[in-house]
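Pasting a structure here, questions to come.
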């Protein structure tokens, strides 16, 4: 495993950027996704429409194209690096899926919770924030976890725009050493270090929630 | 400049060229869908059956594949497998990589679908004298699949979108061809990106409408 | 002064006519029991009073607020009108104490120390002081309902609405909850409207009884009148069924 | 000849001792009712008989098959032992008729025309001929249970096991199902083991009553003996509770 | 570390047996290999050279062979040769000692050197001006430019993208201030984008070779022979004229075979 020793800093840097991009995109997409989930359930028809269109658009087009759009088109007007373009694209793309997950979570919270809160004098926003959303997040924790795993995997898209992530560094090492086999195996292991434990934990959570139900 | 691009980017020959890419996108998708439905079902059932050792083993491999980026798997199949003597033409390398990854994703859906079937259905069938295999084929699978249609279609939508990743190994699918078109003239970039986006959207939105319809029909 | 007033109110669910030409007046401090067969519109009527359902026609005045006026601030109106539900609707993600303290903190901005003091007093009053730190899932049905009542009272409402507060409870739990309600009814400034099938409670506590059927208010009499000689045939029939049970 | 025989059977769920040293013999053609408080192991016992649960010690002989012997072909054994569940467990993806016809077709390879004839006769017998083409979701609970019984009978089993066949039913449905079961019990060659709380059914139909508590068989008497003077204190107490209800 | 490749079959034997040579060519590089969307086949100097070589090898060996083309990217071409997805590559590939350890090159068929393409009004006059961390230079993964850049402007940041099409778009959208690769390739972009030009002289010397898998002496010999022949008989010069005579600022005669 000379390859690993020689290129360890490179892999590690890539790993760092992958993590960084994933975490930023996660936080952003949670906020955006929750926002659009709420938009889809408020009484106002126009808000629902907007929420719905947003989700449908970003769910149904490839992440790669969104990434290119930011990297090549938007950056003409707003300066952004490959890393930023990729991370923003990742955030928007993932937020559509999170919106769907959170919306389903909200709908599965007993409607009595909202009614109880409204009758108790809380405003719609207060009831959402303090009562409905906390419960919705708990219910949808396993699927949110799976979205995060997808997000980490999808962050490999940064490789297409020089995003310095794990996949990008892997390609560079492969191009320099021609030892594609070992390189990609190492890259795979780095990804699995993040995704596999998460994935097992989510399976565990899912089972626990199912038993509780 | 942009408006100029809109008119000249879509010459008949560019449009035909992009449509050819769509053909490849659809081709890869359809073949991968069929393969991954078959393999995903088999692997999902193996995991569900809890066979001693074997199910755990298959499940672990499945989890590893499921938790890797598809892009990595594509690079691996096309660039790394030849190192151990497996040479695949680019189209088939893409199909194999996508089918491997999507099978793993579908296996998880199938396993979940099977687990959501009421245990009483098994017991009823077993007590009624049906064998394990018969119970699976005639009672459990039909019920599980009905429930799995919406998540499976979402996964298929992902699959269609993910074919774009094959541009990383220069498969001449639609996104790659889009790049080639705007390599001719950089004012084409916005109209071409929009056109491609629209095609993907229509393709996938169509699929998601089917999912919604199926969900409605089955509920 | 009237606390709640329905004037020619009509309410539809889509095509379904759920409240038909309702006229009704409940004065401050009154305790009124609302009865009627299943599907007659009791829940619908009571839910319109704190704006959980909209009305389509007529006028509905609650504590001076006109609920049919789109300019009315529902959140302000609701501060004065509490509601207790059949299925409690406690906040599942909060402890009993937090259930009681949340709305006063968020809506009334009540000082935290005072909020806690009031909440504990109320829990004491409904007999749940020792369950303050428990989650709703750890309470029995009767305890849940008493917690829900404490939660409503913490807002110091002028009116309290009850929608079958005891009908989801095991029989041995019903008494405790009715006792608490009786206590509240004694407070002469509190307006209470109660949907219930507990006729003994109605007889003992209510000033007036309203009988509904098919979305209409068929009878509106003093408690004594109603139980001694109900005017409506359907009310008579209903009474005989309920009391027989 | 004995159809079902437990010899010193022990059954554990993990550490939990669910069946304790059970000895029991049921002869061909007998109708036996199994009663006992909730959690006493009735379901566990009945489920071991057609192999839905494994036993850990002792011997369990059903129609000559030794169920504790790993070489025993469970599928063959099950052809002769039908089971009816509390929650029916009809095949949700098949029509009523298909529910009845499936196992004979797949397992007995019964000729299709004959299979259909037998199935329709059975549906006739349980009063469901007109529901042959309906899906289970379109049947009421009582109809579902009668369909499940027809499904079991179609295999022409020597023994039929019932695990609380009426306890998930609305009261007005119970009678029809019990009637069908009474009919079956009349057939002197059919062995029946029934877990139920319907004491009137037990009194009318059972040859013997077995009483379980805490995983043990505490009493095993003729029906008359059991209901007139149960030997065990716990059985007496149980009877008084159930009959009072 | 590249493995030896004894297990690979003889390329010449393979192409003779199959009657075709599969060439890897570029699809995103103007003048050398740019996809013609009508035919779906790249057009350019590289493609014409590959065709001419194929014809010539057919003559030499007496085995009729056709030329087939597979689009490759800078990042994939090396792998594709090693994987025998393609028989050989005529894809603006610089002959370097590192690469020669892994694959075999013919004699050079085109003379090139690395340059930078910048905006005309950028004030950047040569690669030396860019040796500062405030500059980002765009390169393509797997090209020699990526390695050479570190020697000539070590302080500059590097942004590596998957292909030239993306690279040029990235330059235009301001992801970097320069794109660096062989001048020959940059000429194509300069022709297409008048607001950009090549700044300074080429700072490396990196002629292009036709590449095959390693240990393919018979194929290399045949190709060298063919190459020499087309240079002699004027075919080569005709192709130079066809592709390079209209490039502004380029003395195309200097490219002709003498």
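As written, the chain order gives the labels A, B, C, D and E, with residue 1 at the start of each chain.
Note that in this section a residue touches a chain if its C-beta (ideal position, glycine included) is under 8 Å from a C-beta of that chain, and two chains touch if they have at least 3 such contacts.
Here the structure is a predicted model, which means the values were calculated and not measured.
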Exercise. Would you mind naming the chains that touch subunit A and likewise touch subunit E?
Key: B
Self-check item: subunit D reached from subunit C - shortest hop count over touching chains
Solution: 3
Exercise. Please state whether B-D or A-B has more C-beta contact pairs across its interface.
Key: A-B
Quiz item: Which chain has its C-alpha centre farthest away from the C-alpha centre of subunit B?
Solution: C
Quiz item: Taking mean CA positions as centres, which chain lies farthest from subunit D?
Solution: E
Quiz prompt | Between subunit A and subunit B, centroid-to-centroid distance (C-alpha), Å | solution = 19
Quiz item: Hey, how far is the Cα centre of subunit B from the one of subunit E, in Å?
Solution: 35
Exercise. Can you check how far apart subunit A and subunit D are, centre to centre, with Cα atoms defining each centre and the answer in Å?
Key: 52
Practice problem: Let me have the rounded angstrom distance from the C-alpha centre of subunit B over to the C-alpha centre of subunit C, please. | Solution: 54
Self-check item: Junction residues of subunit A - those touching two or more other chains
Solution: 68, 72-73, 159-160, 171, 174, 179-180
Quiz item: So which bits of subunit E are touching at least two other chains?
Solution: 79, 82, 162, 166, 169, 172
Exercise. Would you pick out the residues of subunit B that each touch at least 2 other chains?
Key: 79, 83, 167-168, 189
Exercise. Let me know each pair of chains that touch one another.
Key: A-B, A-C, A-E, B-D, B-E
Practice problem: Could you pull out which subunit E residues touch subunit A in their complex? | Solution: 1-2, 75, 78-79, 82, 102, 138, 141-142, 146-147, 159-162, 166, 169-170, 172-175
Quiz item: Which of the residues in subunit E end up touching subunit B in this complex?
Solution: 3, 7, 27-28, 30, 34-35, 37-38, 40, 70-73, 76, 79, 82-85, 162-166, 168-169, 172, 192-193
Quiz item: Can you list the subunit A residues touching subunit C in their complex?
Solution: 110, 112-113, 115-123, 126, 130-131, 134-135, 138
Quiz prompt | subunit A-facing residues of subunit C, complex | solution = 50-52, 75, 78-79, 81-83, 85, 87-94, 102-103, 106-108, 148, 151-152, 155
Exercise. Going by the contact rule at the top, pick out the subunit B residues touching subunit E in the complex.
Key: 13-14, 16-17, 20, 78-79, 82-83, 85, 87, 89-90, 167-170, 172, 177, 179-186, 189
